[in-house]
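Take this structure, written in structure tokens, and hold onto it; I'll ask about it next.
Think of it as A, B and C in the order they're written, each chain with its own count starting at 1.
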């Protein structure tokens, strides 16, 4: 990992409109948690449903998308990536540095608020907050790696990433059972299932399988992104 | 035409132009047509066509399946398995992706390459540009929503369902689709006009649409079923574009609701209508404001 | 009849005053607008096009007021901005056709005129490739083409030679001269390079800090001083002596000899003197004032 790359990427990511959007999203999540706590009181099923539907299924993937593409997409888009590529830093190292920033950002703005929202809604009961916090954490890293890879591979990473998140994990996941085994959401929910003591969350994927797949995806995506960065060509627009 | 090295100016004689010069209205229409075609990738590279055409196909596919099912089961069920007006909400993710991809494609290019001054140094006012772009994207979204409805309609007619009733339902659904198109196109364009980076525009639009829908639906579900307050749940529907227009449709056009909670009572219905039009007006105003401020360098 | 007229035109920004009570008149022809960066040249063009409103004062193009009759003016005006403004993923033909349509030409006329104009500016097979791959010279040509395609009565070119190499500059200047000389279109061209405008303008307007320094025809600026400058490869003294003995008053200006140019005989005398000494004649030109001299003159405080 390279400190300068980390610092520059961090500044580029958090300066400007992107940062406001991310902050807004975290605030909205927390606001909703507070609202629910005030209106519904403490209901662990509600907590599980809410965090599952809003955080794990929507907020975390979107976050991973915005941050994962944001750490390298704009640089490739306007061509300034050449400055980075002409330095004596190995490509995998560049990817690792950027992934570190992306993962940290996603964890800070998505996973931590999820954990806090869980605490707000259910306190420390049944390790619900912890369960969803961990799920969000792991999913954050996975999505960051996937979308970082997509950004290196194609200039339309955002659209393809969206298609994956919405259509694959959303629509198809509801209709085609097989698709659920290959869903990052399901893998992270299996972690929640393992951690929370009560039977509030169920995942279609067994813990061991989920763990392996998560590790494979994170490591594999990162490695492949490094390889693709080596042969990156700055072509024209579409 | 003889080939000359590009340094040499070829002299064949300059011809003056005495033909017609079309005014603002025709020029705006030309930009409208150009942008509408661009929304489906026509007139651009082959790669630009892939996504919109693919989305159009995916959008129409369920309608086709529904049409087939209707024909097979018409004796038993006597109607469409899914009412026309509910189709848009069911296929919302596809609509959202189309909007997220094509709204920036329409605006970001001119902003990023700073082509905008070239438009405004021509007989075209800023509001003409906004009108053309807004109209084009709204039309594109409307077409996206209309095609499946027409497919279902044809299927219904082939299944010999009562034509009068089907036509009536279809027309109401088309009206609802028009409102969806205008509201969503407006929101997408406002967000897209804020950034010259296309990728970020796409992400921002989808985030706003998807997150608002997910959050509002979840909240509505909890408030309605766990707390039991259907009215509050209904009011919450104002906070996301999808539930807003669905509520509008439910109350004004008597459509079947796809949201967790419909607008609460007559007062709720009126507020939904007002907010819908306010959103459209706000989008128009914001776009005009944005293009007034575009740095003309 | 003046094509462009401004009266006490002022444009103030919060931090600076871009134009300060500028009053000029531009007749048909090629008009050079000279000034350093930030002198107000681009601001003037933007106000004339109606892209930016003036703080006070009036301006008119073709006798039409820029604030009231903006759209009518813009129908007959072409604009070539200074900055990059071309999308990278369309071809020159597509882009110029689109711009022609945006200027109000019907589809067929737009295509026809695009083909013509691209030929006139010197883009041949390249016109079918995406603009993103063009060199700077080609991009400048496309920018010029979109300004000319709708047959305007006047084109405003903002720093058209920016970024071009010397050959490209010459080509562009020649092209600009042709726009007036052959196409009959008045040209308002800005530059911060004085030497170029000398060569192609009929009239020069000099602006500094938003105020008018000087506005007059180029021939006035570059009056021939009726002197002849020569420079020889060697034996300058001997040549000078020969010429003096032939009856000319010779002044030494460093390595150059300055002779009064009373009649054509002087040329013959120079030729003979140089041949007699057996040296090479490096330079033989008429002495002229250069535009740069006015800056020296007028920066002494002589205003409008």
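In this text, contacts are C-beta pairs under 8 Å (C-beta built on N, C-alpha and C of every residue); 3 or more make two chains touch, one makes a residue touch a chain.
Computed from a prediction, not measured in an experiment: that's the story for all the values here.
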Could you name the chain whose Cα mean is nearest to the mean of all protein Cα atoms here?
B
Going by the average position of its CA atoms, which chain sits the greatest distance from subunit A?
C
Rounded Å distance, subunit B centre to subunit C centre (Cα mean)
48
List the centre-to-centre spacing of subunit A and subunit C in whole Å, with centres computed as mean CA coordinates.
57
Let me have the rounded angstrom distance from the C-alpha centre of subunit A over to the C-alpha centre of subunit B, please.
28
Please list all residues of subunit B that touch 2 or more other chains.
44-45
Pull out every residue in subunit C that's touching 2 or more other chains.
87-89
What parts of subunit A, by residue number, touch at least two of the other chains?
238
So in the complex, the part of subunit A that touches subunit B is made up of which residues?
17-18, 21, 25, 28-29, 32, 35-36, 39-40, 43, 46, 49-50, 53-54, 57-59, 62, 65-66, 69-70, 73-74, 77, 155-159, 162-163, 166-167, 170-171, 238
Can you tell me which positions in subunit C touch subunit B when the two form their complex?
42, 46, 49, 51-52, 71-72, 74-75, 77, 79, 81-90, 94, 98-99, 101-106, 109, 113, 116, 119-126, 137-138, 146, 150-151, 167, 171, 174-175, 178, 182-184
Under the definition above, what is the set of subunit B residues touching subunit A in their complex?
44-45, 47-48, 51, 58, 93-94, 96-97, 100-101, 194-195, 197-200, 202-204, 206-207, 210-211, 214-215, 217-219, 221-223, 226-227, 229
Would you tell me which residues of subunit B are touching subunit C in their complex?
1, 3-4, 6-17, 19-24, 26-27, 30-31, 34, 43-45, 109-110, 113-115, 117-125, 296-297
